[in-house]
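Right, one structure below, let's go through it.
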Amino acid sequence: MTVLDLLIEHAPALIVAIPLFGAFLMPLVSRVNEKLRNILALSIICLTGFFIWLLATDVLARGPRLYIFGAKNLASPMVRILFEVDSMSIFMITITVILAFIALVYSWSFMKEHDGLDKYYTLVLLLIASTLGMELTGDVFNFFVFLEISCIVSCALIAFFISEGEALEAAFKYIVVSSIGALFILFAIGLLYAQYDALNIATLAQVLKYTFLDKIVLVLLVVVLGMKAGLVPMHMWLPDSYGRAPPSVTLIIIGATLASFYGVLRVIFTLYGNVLSNAMRFALPVNVLVGWILIALAIISIIVGVIMALVQTDLMRLIAFAAVAEVGYMFLAIGTSIAALGSPYATTALQGGLLHLLNDALDIGLLFLVAGALYYATKKRLLDDISGLARNMKYTTVFFIIGLLAVAGMPPLNGFASKFLIYESVYQLNPILSIVAILCSILMLAIFVKVFYAAFLGPELPGFKDVKEAPRSMLLAMGLVAGLAIFIGLFPNIVIDTLVKPAADALVNHAQYISTVIGGI
Amino acid sequence: MNGMSKIVKTTVSILFPFTMIFGLYVIAHGHLTPGGGFQGGAIVASGCAMLVIAYGSEWVFERIKTKRLAAFESIGGLGFIAVALLGLVFSTVFFGNFLAGSNLLFGTTPATGSTLADMNTGGVLPLMNFAVGIKVIAGLFVIVLVMAYASSQKEWNT
Amino acid sequence: MEKRTIAATLVFAIAAVFFLFSIFLIHPFGKPGNVAMDDHIIANTQNETGTNNAVTSVVFDYRGFDTLGEATIIFAAVAGVLMIFRRVNP
Amino acid sequence: MIEYIPFIAVVGMIFIGLYAVLFRRNLIKIVIGISVIESGVNLFLITLGYRDSGVAPIYTSLPAGTPSPQGMVLPVPQALTLTSIVIGVAVLALMLSLVMHIYRKYGTLDIRKIRRLKE
Amino acid sequence: MFTLESGSGFWNPLLWILIVFIAFLLLYGIRGFGRNTYKKDTEQTKAFLSGNKEPSPDEMHVKASNLYWGFTTSLNNVYTALRKMHTGNTSDYVLWFVIILAVLFLVFGVM
């Protein structure tokens, strides 16, 4: 057994433990030196990324891996906490760590002027660790614990600009909504535990029978996680909190939101995987019911998100509403793939949805970074107050154009590749849905063209004569995201073949997820 | 808040050590009797909260540095995760109980069935209890102290 | 009454009815049906973890990772509270 | 019916808390409502783990004649409840400190007036 | 290798770039025909608004909220309804959650 094997074997635990360790270390280190603190945070993320890379190469080549906490082997009743890492988890943690790295690079100069930064870096590392934990865990209660950590930490980070009353308000709204949601998840976990005396996802998935209680559990889990992912009409916390959090943090909160989306996928595809493909009620298969409910909510999300984004005056809030619409696209894709489970275009829809998840994180993240750069340069939030910034902020302008084209799904950027797959597959389920999605995408382009005109073009206002270009680390962060967006846009197949297709296969193949645990006893 | 009357202060002064002792007892015997790091930590922290109420938050805030308390909390957390990582080193799994059954510190295996309390059992559990205890004492105390101090001040910031 | 109050009462009642209905399908109080996992823990706590207290053995050994998360939550709450009450330079 | 009374109490507590969140206007009362929901869920978990005439699952000085697994209550729900209580404390601390700050900034605790972020 | 198949169509970024490049070349060629009538630093290049001199930048500034005025006015009903929905009240946020919960309970309970 070489050292590499040993590292790969313990990688799932270390991926979560290293950021946690760094977070615990952070208050001590930041008493010593400020620069050391920033370097420590960045190097912890790099180390985590290294372990993720190790784990990814192994899992993608050899199939799911288990990590049992506190014992070497699985024992018959599943008493211990498991991490089960399949290609889907790999896909999610890769996105999370990329977003985290970019956010930390960006915060280097963005947060420089603020105080309380030791707490800031602690909380950021905790948020990353909890997001990674949510995506790796194979235990429902453990999932709940990580969800609560991410909820508390996000709330504290949203309130970072404590001198603005709005930030506190947004944080309060966020924590009320998400703690109530989390409590309902705990109730659902209690119901599962009462029936099957198990907390392990694979064990539960094997024995789940779709009784009345299981229906209640399904509704609770899907609604709460959908709320945390930002489905309309439960999205209202999202513009508030995205719009008021520091933009660097927003990037990581997008990661946490996507982890909730991953929770929806895990619940429907894995936990209820057996039920989905077998159960029938009144000649209507369960998957059609679940799929169409998700599609309905998704279409409302797309329409409301886009229409509301059009009239926003606050730039970050506008982007947040666009993010709601993007979440709608993802739910549209997975709803289609659930409703049409088994047909060939269901796979395409699922792949499109997963690719769109990656693209959404990058595009919306890029736009938030640009909005943060504008805020950094002008200290203004409202679109009405800014104008003609392209003269002084050339690079930011270029990055904004890339983000604009990507989020609106214009070729050849990444947004187009995923939206193309979504349109084509949704069209085969129902053409009207696809047409609505395309129209809303066009409206999205119109919205961001308006933003582009208002912020970058137009006359140069007297107050902005000596506005400076954003600092170098912020440009570097934006450049990284923009480069990724162009790369995925030009070579979508590389990403689809290496990451998205295995992830989609792993999601659909719930039997493998179960047998990895059950067969290992 | 300037603290309460002399009667309250005296009563709290007498009760405070007992609360401490009881809390530390609960932490130390977490693997034998009901309780553990969290419960014992909460007891000690409520003793400290009693102090805050009786003497006023400013009195306590001047004498105890919140930064130092936060550092203590970090140390507790680091100790907990370090014990878990030691499990990785000595028993090849994260959170492995490498001391149980080793006949070293806390390493005795108790007889099956009803037994008398033996402190020297439990493996790494007592260590984790202590780490969590430190963490909870410092954490809850600093939360209570900061909130009480902030609510007693007219102008906290900006 | 406002429209909001009526709507809220209605959905509140529907949700309550479903919750009430669902709890009657759980096993009756004091007679858990499926106890394999818990009996395994009670039977093996002494020889596997060397602990007399089964709850502590679950908290720190069998589900120790949850406890790490729990410790993290307190840590996060402390960091959050200290951050919210920090002094801001004008 | 009689053996479901604890569960009915659970649902009662959850919905009393939800009532406070939905219909009360004071921020502190909303926070209390969330706390009550949380207590209800904790009670639910603990209720699930009870076995008739069971003792605590602790072997130290176990009462003589207790049948080993059957006479003890289930340990896992208790551990889950412990975790959940600590989570509740953390959420409560954060919410209350936010409420304190919001009161400083807005000068009111009325939820209908704390909505600068809308539309 | 670079072609993205969706089952009913395909998408090739490189092909797309090639086509755009050819179109650009064509347009550039067409643009070349008009160049000889353009003279720099004459009245031709000055900006006028309806025959008047250009006003100062401040007065020219069209605010972002005034853009797409026609669209928002024609959708006035939709916007009124949506504004009513986004109250900003935390209780309403929770209420929407409970509404969706109740509706889905009904749907799944009946089915």
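Just so it is clear, A, B, C, D and E label the chains in written order, and each chain counts residues from 1 on its own.
In this text, contacts are C-beta pairs under 8 Å (C-beta built on N, C-alpha and C of every residue); 3 or more make two chains touch, one makes a residue touch a chain.
All values derive from a computational prediction rather than experimental measurement.
Participant: To reach chain C from chain A by way of touching chains, what is the minimum number of steps?
Facilitator: 1
Participant: I want to compare two interfaces, B-C and D-E. Which one has more contacting C-beta pairs?
Facilitator: The comparison resolves to B-C.
Participant: With centres defined from CA atoms, tell me which chain sits nearest the overall protein centre.
Facilitator: A
Participant: What is the chain whose Cα centre is as far as it gets from that of chain B?
Facilitator: E
Participant: Name the chain whose C-alpha centroid is most distant from the C-alpha centroid of chain D.
Facilitator: E
Participant: Measure off the straight-line distance from the CA centroid of chain A to the CA centroid of chain D, and report it in whole Å.
Facilitator: 29
Participant: Quick one: chain C and chain E, Cα centre-to-centre, how many Å?
Facilitator: 46
Participant: Taking each chain's centre as the mean position of its Cα atoms, how many Å separate chain B from chain D?
Facilitator: Computed from C-alpha means, the inter-chain centre distance equals 22 Å.
Participant: Scan chain D for residues touching two or more other chains and write them down.
Facilitator: 14, 18, 21-23, 30, 48, 56, 58-60, 68, 76, 80, 82-83, 86-87, 89-91, 93-94, 97-98, 101, 114-117, 119
Participant: List, in ascending order, every residue of chain C touching at least 2 other chains.
Facilitator: 8, 12, 15, 18-19, 26, 32, 35, 37-38, 41, 46, 52-53, 55, 57, 59, 61, 63-70, 72-77, 79-82, 84-88
Participant: Of all the residues in chain E, which ones touch at least 2 other chains?
Facilitator: 86, 88, 90, 92, 94-95, 98-99, 101, 105, 109
Participant: If I apply the definition of touch given earlier, which pairs of chains qualify?
Facilitator: By the stated definition, chains touch in these pairs: A-B, A-C, A-D, A-E, B-C, B-D, C-D, C-E, D-E.
Participant: State the interface residues of chain D toward chain E in the complex, per the touch definition above.
Facilitator: Going by the criterion above, the answer is residues 18, 21-25, 30, 111-112, 114-119.
Participant: Within their complex, state which residues of chain B touch chain A.
Facilitator: Against chain A, chain B makes touches at 67, 70-71, 73-75, 77-78, 81, 84-85, 87-88, 92-97, 157-158.
Participant: So in the complex, the part of chain B that touches chain C is made up of which residues?
Facilitator: 30-34, 36, 38, 66, 70, 73-74, 76-77, 80-81, 84, 94-95, 97, 100-101, 106-113, 115, 117, 121-125, 128-129, 132, 135-136, 138-140, 142-143, 146-147, 150, 156-158
Participant: Along chain C, where are the residues that touch chain B in the complex?
Facilitator: 46-53, 55-57, 59-61, 64-65, 67-68, 70-72, 74-75, 77-79, 81-82, 85-88, 90
Participant: Applying the document's contact rule, which stretches of chain C touch chain A when the two form their complex?
Facilitator: Those in contact with chain A are residues 18-19, 21-22, 25-27, 32-38, 40-41, 61-66, 68-70, 72-73, 75-77, 79-80, 82-84, 86-89.
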